[in-house]
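Below you'll find a set of structures to go through.
Look at the two complexes coming up: chain A is in both, with chain B in one and chain C in the other.
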Partner chain A sequence: MKTTRFHWGLLLLVGGLCLSTTGYAALQPTDTPATIGKESARKAPSTADHTKFKELQRSFKDGPAVTEACLQCHTEAAKQVHSTKHWTWEYLNPATTQKLGKKNVINNFCTSVSSNQTFCSACHVGYGWSDDSFDFSKESSVDCLVCHDTTGKYKKIPGLSGHPNYDRIELPPLSGKFREATDLQAIARNVGKTSRETCGTCHFYGGGGDAVKHGDLDSSLKTPKRYLDVHMDADGLNFSCGECHLSDAHQVAGSRYAPTASDKDGILMRGKDHGRNPATCQSCHGSTPHPAQHAKLNDHTDKVACQTCHIPEYARGAPSTKMTWDWSTAGRLDENGKRLQIMNSAGMVAYDSKKGDFTYDRYVIPEYVWFNGNIKYTLFGDKVDGSEMVKINEFMGGPDDPDSLIWPVKVFRGKQPYDVEHQTLAVFHTADKGDKDEAAFWSNYDWEKALEAGMATTGVPYSGKHDFVATEMSWPITHMVAPKGDALSCEQCHKENGRLKDVKGIYMPGANNTPLLDTLGFGIALLTLIGVLIHGGIRVYSARKEG
Partner chain B sequence: MERIYIFKRFERFWHWSQALLIIFMMATGFEIHGSYRIFGFEDAVSYHTTAAWLLIGLWVFAIFWHFTTGEWKQYIPTMEKVDAMMKYYITGIFTHAPHPFRQTTLRKHNPLQRLAYLFVLLLINPLIWISGWLYLFYNDWAMVGLENLPLQWVAYAHVAGAFMMLIFFIAHVYLATAGHTATSHIKAMVTGWEEVD
Partner chain C sequence: MFKIIGGTIAGVILTAALTFFMAGSLMFNEHESPFGVEETAARIQANIQALSDRGWSLSALRDPSKAVAEDGTNVLPVLLVETCSTKYSAPLLKDDETRILSILMPCTIAIYKKDDGKTYIGTMNSGLMGKLFGAKVASIMEEIAKDQAQFIVMDPTKPAPPLIKGGPGGSGSSGGGSTSGC
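Right after this comes the complex of A and B.
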């Protein structure tokens, strides 16, 4: 490893002894982030003006019709999308052999996609996924617009199986508010590169609303200020998501299912990717990014993820993120048998008959865990103990694992149904599919019907007896990177009961973690002091007596 | 009463600048350890590191001086008159008994001092210095095959060394008053001239 240390005290030594300084020369980067930033802040010029394409000079009856037009030129695009997680919602984790992806995982928000595709596929890059009969090989079912719209007017509506509304509709139903029909012609002629806004249409609203799920991804990142995210700063570097999540043939780098927790291979040079994930801090900044006068900080990078210091808090934009969700109280109705919504003092929903109790928070200090990039999920059919808190996902790693770093996480806590007899998590049918969908919990508030209908689509047996179990789910915090001046100060960890107090297996100077040695050391020092004071006292006394 | 020239100019400069640096390093060091707060952790680390490099620089000169002047021989241990010194500190000092050791320029330290300083030189200093260097060059441990060394071992050694230094410091400051008069040793360390019987 190349050392970049320099101390001015060393100058004295060097001056005195004329030692060679070659090994200690400060390495200064020639490209500062500021000069790189101005380049990327410019709008990328395109060689194609889609408003002039004759294929798009027509009207479109629906989304698939637009896709067919796209595919006339972009002949391979749909095939590429078909092989992505954005399309399959499936991912086989080679490290754990667990089958993951949105289709297979359980969470402690709305708990499961299974049986709820009509609703959930509003965030699928496709059209028409309403149940297991969906044809994943059909090219025109790919939704190009959800990622490539530049107008901000394209919106897939939950309940329409991944389609936007082609007619004027009342939204939400019976609200008296109306949404105009989607202008596919205008949208199709204004496609372009993906942006924070297009990625954000799903990723900012995960869990059922703005900021709900991740904590480090919400609508405040559409046009963030510098304090919120130093890279995405709209007036500065103005990174799009794709700047880090570099994509190739529609494969977007950097997945939460198999994150790169520790990247020790230095800066990622063009042509030398060797299959590395470009969506890491280190792929641009390397493992010793701090300048010579802060060289001690580079001593931390073997144990501490960049995010731990550089994302001091999450949910630092306007919206609060959801912190807890208790499904066990859902279904309570008012005296007229109608749905209840109780607001908290901030005007946010604290109780909803459809969903139960929530709490929210802003400027949240993360929790910290050892993490090596492997996550073990509790999946359909996995045994759980109803008397104990269930980890829906468990971040693997530890102090003795060289691939582990200390990471900041949002831990989302809740209560959700489980099958008392089979001791498995139980998922349920939430959203009304229309056509007298009696089983949907949001229609009838009947847990048994909803659970039966939900579990029937998973292939896991359900006993008919449910209760609620406490669950925890962790989310890595990696966005909302603060400017360096706002990074954690040393003392936020290096003190008694500092931020990393619950992280096992580290020695933390300043945390008062050598009580025995301290008692012994200060004890002997004190005895020595008392001893010399007594000795001195006798000397003074005997001198006076003689004198 | 006689005055002899014991401590040369460089030696006095070395002693007092080292004293200041060590006091400052104890102050910043125990703050870094978490015992109290004065400068704040980050500044304490920065000051501690700078003082360490200054002390290293000073030591390079001091080692050079000791070897070129032959003054290193002042630290060769001897058991001769150790018992007399002990007896003097336990009883004689209270009854104005004559000091059992007579300083000369060739033997400026009494036998207990020789042992104490040798203990500092051979045990406390190496403990603090080696562990301190390891702390400073944490990122480069792998280059010398120490990548599996637990940081807490280094930390324990450094803290233990610091406590020994603190205890030495207390005893040393007190015994500085135990010369021919209460201030004769201290005057000698300032002016170079010691009063002897």
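Right after this comes the complex of A and C.
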């Protein structure tokens, strides 16, 4: 008896294992790595070898000296850069008439560039922007190397007003780690096309660290594998950022202030751009990209952005992305009055005296919104209600708007200061001149001093009374395109509480319940059944009667 | 007579069908976690270590989704916390009759994210499974089930412990060695 029970148990167990193995097998990849991109993976040959240029056969005391050498040949480059958002950090949105750009927007990460240029300008394509006196017309202030370095050794250091370190420095300060002086001569002689590495120097580290801000842009995209991004796959198509974000006279296509949410013009042919954004999916793939056997998918493209299905999750590389940031808890020190850092289970900073509390996530399921390309921002001086969640930006669009598509977004949530009396968001002076800067929050943990100093540079009055307000800010998800086999399946949306459950104004079979439609459907089915039964009954009755 | 035979056959078929369709879900338990995948795994590891007096120790931490990603496919995060207790493994390994149950060692607790964005904990229903193998195994598995219930207690008042990566046999190893418990 004992043996029998034992064997029955084993049988059930083996059966269960077989079932689970079958389920596991279903997860195995069906796509094979692309091989067609191998050719493009090769480094494009250049017609110029900068190591041979006599202008570069000398040492340089600083970055502007390198730029002066560059401009001897590339005479118009600085003028072109001067007209870009990368330089001005300004953008006037014609649709909303809002003045945007990094210089003007508030976010819920480090909140504002204003008063913090010395630190933030580590991501400005220029040298020397430390305050409002910066000369935006000076050509030698353009930083060529930050975009055109190919050595990977050029690094603009936060706190140096957009300059790299020209001397050996301890970095981070008091860490015991040292960074050697930047070898400007070697870097200048090895310039080339932009790359994932150069764009990523800033765009992978937005918000103050790797993967913090965007969620779909982080250091894992420097040499991504196919699962992470089919276009940038280092062993496959190996796209650089510039492959999609085509530039013309240093104007880089694609904008987060006025994105192209819906591109209905099909494939972009050479010579027929008509001012179109070449960075959209449709500009290469067209508006009905799915083959005949999956033609039903093409019926979705008028309402669903490509990204919604083809980027099923973001932050799929190694680093987790920051999801929340609570400034209201910042300033808490340890028992010795020193800066406190608490790590989470994954070894990432969950609390920092300088910044407050954070949470992170990876393989994040996006939120989904209607989006027509217009974004309305809450700017300096705009009224906010401290008792309600404040939308730092709001994606416009809706189900009845023909220009709207359902887009995936990262929604970053936090708490940040606001002026209680004036009911405006309040920005503060975080870090500028290190420990000697008494007004910087990271030096003295004094909110009032930091807020006064920060607000003084905005031109918006500050009452001196602050509290913290809940905020959220949305970011479109458009990178980290997964292999087609990993795109959302039908049932991930077409079910109750599916992916699009919070999107208003849509009817999706399998997901929504419309009582009238259900009654009609069941009624027809019932009538059909009754009809069949009556018909069958008559046939049986007739046969018996005749037979 | 026909009715008795027919009824018996119908009963057998019904039982077999129920077993076929329900056995899988009965063998495993799923619990929602209020924390993310890493923190849930770390808290489970800490709970396991707190039961060291009952012979429990960590064998390894595995990430099967990594291998899948290397092959070019995305799956939502999964972590496997492997643990074993010599207190329970020893009697099973001593007996020829039950030594085959070593295929269940070390115990695995799965922590994974699902499409709703939430984190879940998957465990074997040790109590029920033990009943399939006779009295001796049942009594041991019942004790394991009680301990397992302690593993997955998520106390939000406690700070997040660090995730212990790898195991005594090295990262991604099969564990092994006396310190791994089994």
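Everything that follows uses one rule, which is that the second predicted complex is superposed on the first by the 472 of 547 C-alpha atoms of A that agree within 3 Å, B and C clash if a C-alpha of one lies under 4 Å from a C-alpha of the other, contacts with A are read in each partner's own complex, and residues count from 1 in each chain.
Following the convention adopted for this analysis, a residue touches a chain if its C-beta (ideal position, glycine included) is under 8 Å from a C-beta of that chain, and two chains touch if they have at least 3 such contacts.
Because the structure is a prediction, the values reported are computed rather than measured.
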>> Per the contact definition in the header, classify A:H494: touching chain B only (first), chain C only (second), both, or neither.
In response: first
> Looking at the overlay, what does A:G521 touch: chain B (first), chain C (second), both, or neither?
Replying inline: first
> Touching A:D486, do we find chain B (first), chain C (second), both, or neither?
Replying inline: second
> After lining up the shared chain so the two structures overlap, which partner does A:S345 touch, if you call chain B first and chain C second: first, second, both or neither?
Replying inline: second
> Do any residues of chain A touch both chain B and chain C, and if so, which are they?
Replying inline: 5, 8-10, 12-13, 16
> Tell me, which parts of chain C touch chain A in their complex?
Replying inline: 19, 23-24, 27, 36, 38-39, 41-43, 68-77, 97, 100, 113, 115-117, 129, 132-135, 159-163
>> Per the contact definition, I'd like the list of chain B residues that touch chain A in the complex.
In response: 32-35, 40-42, 45, 49-54, 56-57, 60-61, 89, 93-96, 136-140, 142-143, 150-152, 155-156, 159-160, 162-163, 166-167, 170-171, 174-175, 177
> Across the complex, what residues on chain A touch chain B?
Replying inline: 1, 3, 5, 7-10, 12-13, 16-17, 288, 296, 298-299, 302, 489-491, 494-496, 506-507, 509-512, 514, 517-518, 520-522, 524-525, 528-529, 532, 535-536, 538-539, 542-543, 546
> How about chain A: which of its residues touch chain C in the complex?
Replying inline: 2, 5-6, 8-10, 12-13, 15-16, 19-20, 27-29, 31, 33, 225-228, 312-313, 316, 342-347, 350, 359-365, 482-483, 485-486, 492, 497, 499
